[in-house]
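Let me begin by handing over the structure; questions about it come next.
For clarity, chains are labelled A, B, C and D in written order, and residue numbers in each chain start from 1.
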Amino acid sequence: MITPEKPELAEVLEVKQETSDTKTFTVRFENPKRQKKFFFVPGKFMMVTIFGFGEIPLSISSSPYKTGFMSFTVVNVGNVTNAMHSLKKGDQLGLRGPFGNGFPMQRFRKKNILFVCGGCGIAPLRSAIYAVREKKEEFGKVELMFGCKNPQSILFSQEMDQWGKQGISVQTTVDKPSPKWAGNIGVVTSLFKNSVLSPENTVALLCGPPVMIHFALIELRKKGFKDRQMFASLERMMQCGVGYCSHCNIGNRYACIDGPIFNAAELKELPVKEE
Amino acid sequence: MKLASKKAKVGFFSLSCCEGCVLAVLDLEEKLLQAFKQIEIVESRLLMEKVKPSALRLDIAFVEGSVVSKHDLNKLQYIREKSDFLVALGACATIAGIPGIRNALPPGLKEKIKRQAIKPIKEKVFPLTAFVKVDYLLQGCSINEQEFLDFLNKFLHGAKPRLQEVPVCFECKLRENACLLLKGEACLGPVTYAGCDALCPSQNVQCIGCRGFTNDANFESLDALFKEIGLSRKERYNLFTYFNQLPEQLKHLKGDR
Amino acid sequence: MNYVLSKEDLAPFLAQLSKRFQVIVPAKNDSGIVTFQEFSGQEVCLETERLSSPKKFFRPAKEKIFSFAKKKEGYEVKPVFDKTKRVIFGIRPCDTHALQALDELFIRYYGLDQFYSSRRKNTLLIALQCTKACENGFCQSMGTSQAVGADIVFTERGDEFFVRPETEAGRAILDRKLFKQTGDAEPSSKISCKVSLETHNLAENIYRGFESPVWKQEAERCLSCTSCTQVCPTCYCYTTDDEFEFGSGSKSSRFRFLDSCQLKRFTTVAGNHMFRASRSSRLRQFVLHKFSYYQENHGMQLCVGCGRCISVCPTKISLVEIANSIQKQVLEGAK
Amino acid sequence: MHKTGCFSIKEITKVEGHANLNVELEDGVVKKCELEIYEGQRFFEEMVIGRHFSQIPLIVSRICGLCNVSHLNTAMEAVEKAFSVPVSGQTTILREIATNGEFIKSHALHLFFLALPDYLGRESVLDFNKEEHKYVHQGLDLKKAGTDIVRLLGGRIYQTISIRPGGFTLIPDRKKIDKLLPLLEKHRKTAVDAVKLFASFESQLPFERKTDYLGLVREDYSLVDGKLKFLSGKEIEEEDLLKHVEEFVAPYSNARQTRFEKKAFRVGSLARVNLNRDALEPAAKDLIKELGLRFPNDKIVHNNTCQAIENLHLFDRTIRLLTGLKTEKEPVKKIIPKEATGIGVTEAPRGTLYHHYNFDEKGFVKKANIIVPTNQNNNTIEQDLKEFIPTLLDLPQEKANREIEKLSRAYDPCISCATNFLKVKWKKS
């Protein structure tokens, strides 16, 4: 019997320490057939079980074109993430998914792309960045604007150097600089002035804390972005991933099945900021 | 925080209190013996004469009682320093509880107490959280043994237990009790943290708030309700300050005693 | 063919059933309220007033859904189904509608929730029509005053029940010695509710009142005690958590806990960010979920008009009053 | 041990609460022997002032985890007497049963977990060897019997819930009682063994000192009411206790002490058995005879034996009371306050307990006075030690300390209780 709540076994292939509180886990389903059939769109997420500790939603941060595995980039914030951080190569975990709508990548063809993210919000965007990089010819110019607390917490800095070499314009900013920091200081919106993309032919993909998304949307609108050109990935409390538990309810929509990606026009319709 | 194979070193400490919480732990009896397979009690004045030499560092310290004197404070700081994880046990330790009634005594009585005290005491009684970082709270007067066991079990497996932040009414409804408020009796259930399985309302007794006020309490509304039920100002003051300090929102209840 | 059963024969009938089923009946508990409990000869309570629903047999407060065991080859994941053969006697029409609403979500909507459907499949429902209105019910407004989806429908008639079997399974458990055939027409079970709700265009009108000041006014009284969501027969929101078995090395289980949207914790994510931090937004979520969101997503109301949330609220907040006054505002505003 | 000099025992362990003992010796004579109770003072008598009478029993029951039912009973008696509310016969019986449960639990805990290690020469129960491990289980069995009784009636073991002024908010149903009875029958045997075990320790602590004893006396050894009586013969009315018993404060301690006609006296199990020996249940009496024990007795070691004897007695009595009990639902009596004074006296596991309140016309407390058993025993312990310490001079200090602790522990002192009250009548010089 298959139930949508049943975790399937997967194994950890690799663990990489990214920053002091963040690790990237590369995993694959134990059942090779299942792994083979597995595909996803960037922005989708999985429900990940650490047996005995619980289950949490995690965005897939690896390339959708790499089919032998998937990866998660996880910040240690609580019970389950803490337990996950003690996993080693070869350990087992449970997976369900993928869930959510993901970014509508086909609709971005021929367009410039602006990625805006804060902190761990880069996880789902990384997957989209890989997708864009893989099919470079299909897209226009690509810019990535990334805001972090401090230089030590910048994720994927090595990869970003590579992306830079591959023609993606990468810009980072921090709230609290270290003495050695030579880059931009301030919130991520303070980078927008550097963007060379003309709003008409660009889509913006956003992921990060609620405040960041709120202000980024305002600033982008000022720059001339239309609501249909901006896509944000929302974080909500989730327990099931399939619209049963109702934790991620926003108005009549569910972040887990109708989202987590919403365009700004949809966000306007929804009571996102209920307070 | 993986403990896995090694036995966890555990200490039980009592500051000023009735020691009912540690006794409640002892009442787990067989289950405690079973837990002993995974833990080693290295310090407990109630149980043993000498502190084990291995007690220099503790994996987990359970501290009951509140801080009423410098002696208590020193002891608490010493415990905090040597323990990886500190759990406050019971109302005295988590919210100052019954001893905290002293804090609201009128100045005359307070003076009297000060004069009477032989050993130095603090002007006010404080829960542990007022002085040191507390990693987990086990609420209640006395604590709920099952909750203790669940916590210990989670801890020994290396999990980070979370506080369940729900009011007593939540559990009261699950036990399908007739609501006391609806019967016209005062009850602190709506503003008190659950975890006790709604013990008091299930025995037809009002909740007296021994597990502390929730972070989401609507005191004004409940106070208005109590007034409607017919409680005098003094009675309402009495009830709200049974185990807890009078919340800001209810300052108007304060008056001469 | 329909039947009659004398009220005296109810207990023998239930006793008979309890040989093959776990029989659940409404009866008074220690604190004097009518709850659904296992039948063991106690007096069956036929009062209409009823603060608890049979929800707990379909959406229990705590439900084990998986057991995890670490084996040499890896984890073994076993779903745990409740397959108890159960008969629930005395379920009221509103509660049968509540089950329809839950069926829609857990059986027909996304996929099949096996845990719920296993309970559903193994349970026979004997509905008891209401012949007297209850204190706060408004089933007439909601169109839920007639039982649906039950296996047998009982209607009180003097000192007997008029019995109408609805399904084969229902018919099969009727004992021919106790149940007498009858050709009578079914007695009327029309009641007149004391409470009524304007339902014309309800979902839309009330959503249009999203910013209405009524929410705030009412929420000032709300204690966030969660009683309303706990007693509601359709409130299904849940949380999952894993627990290790005590004393065992690595055996653990996954549990589902009934949760409540009236709690701050319900929407709190990492960083202590709450999406519905204010009481008014949480109260609004409750009412809109019932009257508006479910209608838009599933084409049916999630509220079945049982009135329990009104009866149980210590501060007498009534979703009917809220909905009526908001609709009035909205319609007046539109004029 | 030096004939002259000072020593202290810091943090006497395995007692409930915190205490030091400071001793000064001069040429083999004890010059000073002070039981310094440094547990933070808790001022319950002041804290209840201005509180509604309905809260009093529940506040004061927090004085002590071990004997909360006793504090509860005593305070309830005071409240009910003050407002002239007679409780029903059923309530009286149920309260007595709950008290019995608490005694069994408290005695079992002290005997097997705190005192027994002394007599077996172990540091703590955690150090018992394989052979001795059975005692842990015996202790747990007895304790379980006690806790099950308390839980059945009070809804929780510590800080019980349903025992309230005016009656019980939840009356246990017969089914639950019937479930409990076999358990009591089963563990009764352990109670018999315990008496034999502790009677055999006489030689371990042969110290003996003639003194007076105080306790409640009734023809059937009830713990919740009776007449206050001294072994020396004096009978006193509850109201008059304070006229005969003088309270004073030792300047070195956070707890009060008491004297009767300028002399120290003992309370507790030994006192109760000395006073009520003829009122014990037949089985307990027979066992005393079989073991050749004689009462009245002045050996403090027998305070422990008497705890065990009381336990056996209470098992039999509780079984008898429960077997015949027909529980009926009855509402808690409504209490209408008036300006009044109420006094409650009961026996707590460690001895006589006394609560006294003055209420105003709305039922709020104006004044309170509470005397707990350990306060009464403290003076006696010091007196005992003054005689006892000189007999230990040949022992090395560490061994002597152990003997001293052994003797203090035999009293089963409860320091949490003792420090709740403090009245200073001494002047700083």
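Heads up, the rule we're going with is that a contact is a pair of C-beta atoms (placed from the backbone, for glycine too) under 8 Å apart; a residue touches a chain by one contact, two chains touch by 3 or more.
Everything quoted here is computed from the prediction, not taken from an experiment.
Trainee: Give the chain pair, either B-C or A-C, that is connected by more C-beta contacts.
Mentor: A-C
Trainee: How big is the gap, in whole Å, between where the Cα atoms of subunit A centre and where those of subunit C centre?
Mentor: Centres of subunit A and subunit C (C-alpha means) sit 38 Å apart.
Trainee: What is the distance in Å between the mean C-alpha positions of subunit B and subunit C?
Mentor: So the centroids are 36 Å from each other.
Trainee: Give, as an integer number of Å, the spacing between the C-alpha centres of subunit D and subunit C.
Mentor: 52
Trainee: Could you state the distance in Å from the CA-based centre of subunit A to that of subunit D?
Mentor: Here subunit A and subunit D have centroids separated by 65 Å.
Trainee: Where in subunit B do residues touch at least two different other chains?
Mentor: Only 157, 159, 202, 204 qualify.
Trainee: On subunit A, where are the residues touching two or more other chains?
Mentor: Residue numbers touching two or more other chains: 52-53, 78.
Trainee: Show the residues in subunit D shared as contacts by 2 or more other chains, in ascending order.
Mentor: Expected reply: 170.
Trainee: Could you draw the chains as nodes, link the ones that touch, and say if you get a line, ring, star, complete or other?
Mentor: Here the contact pattern is something else, fitting no line, ring, star or complete shape.
Trainee: Please name which positions on subunit A make contact with subunit B in the complex.
Mentor: Residue positions touching the partner: 52-53, 78-79, 82-83, 86.
Trainee: Write out the stretch or stretches of subunit B touching subunit D in their complex.
Mentor: Subunit B reaches subunit D through residues 14-24, 26-27, 29-30, 33, 41, 45-50, 68-69, 71-72, 97-99, 101-102, 105-106, 109, 112-113, 115-119, 121, 141-142, 199-200, 202-205, 208, 210, 232, 234-235, 238, 242, 257.
Trainee: Under the stated contact criterion, what part of subunit D meets subunit B in this complex?
Mentor: 11, 13-14, 16-18, 38-43, 46-47, 49-52, 55, 58-59, 62-66, 68, 109, 113-114, 117, 123-127, 136, 140, 143-144, 147, 155-159, 161-162, 164, 169-170, 249, 251-254, 362, 364, 416, 419, 422-424
Trainee: Please give the residue numbers of subunit B that touch subunit C in the complex, ascending.
Mentor: Per the touch definition, subunit B meets subunit C at residues 31, 34-35, 37-38, 149-150, 153-154, 157, 159, 164-167, 169-170, 173-174, 176-179, 181-182, 189-191, 202, 204, 215-216, 218, 220-222, 224-225.
Trainee: Which of the residues in subunit C end up touching subunit B in this complex?
Mentor: Per the stated touch rule, the residues are 29, 31-33, 35, 51-52, 61, 220-227, 230-231, 243-244, 246-247, 258, 260, 263-265, 279, 312, 314-315.
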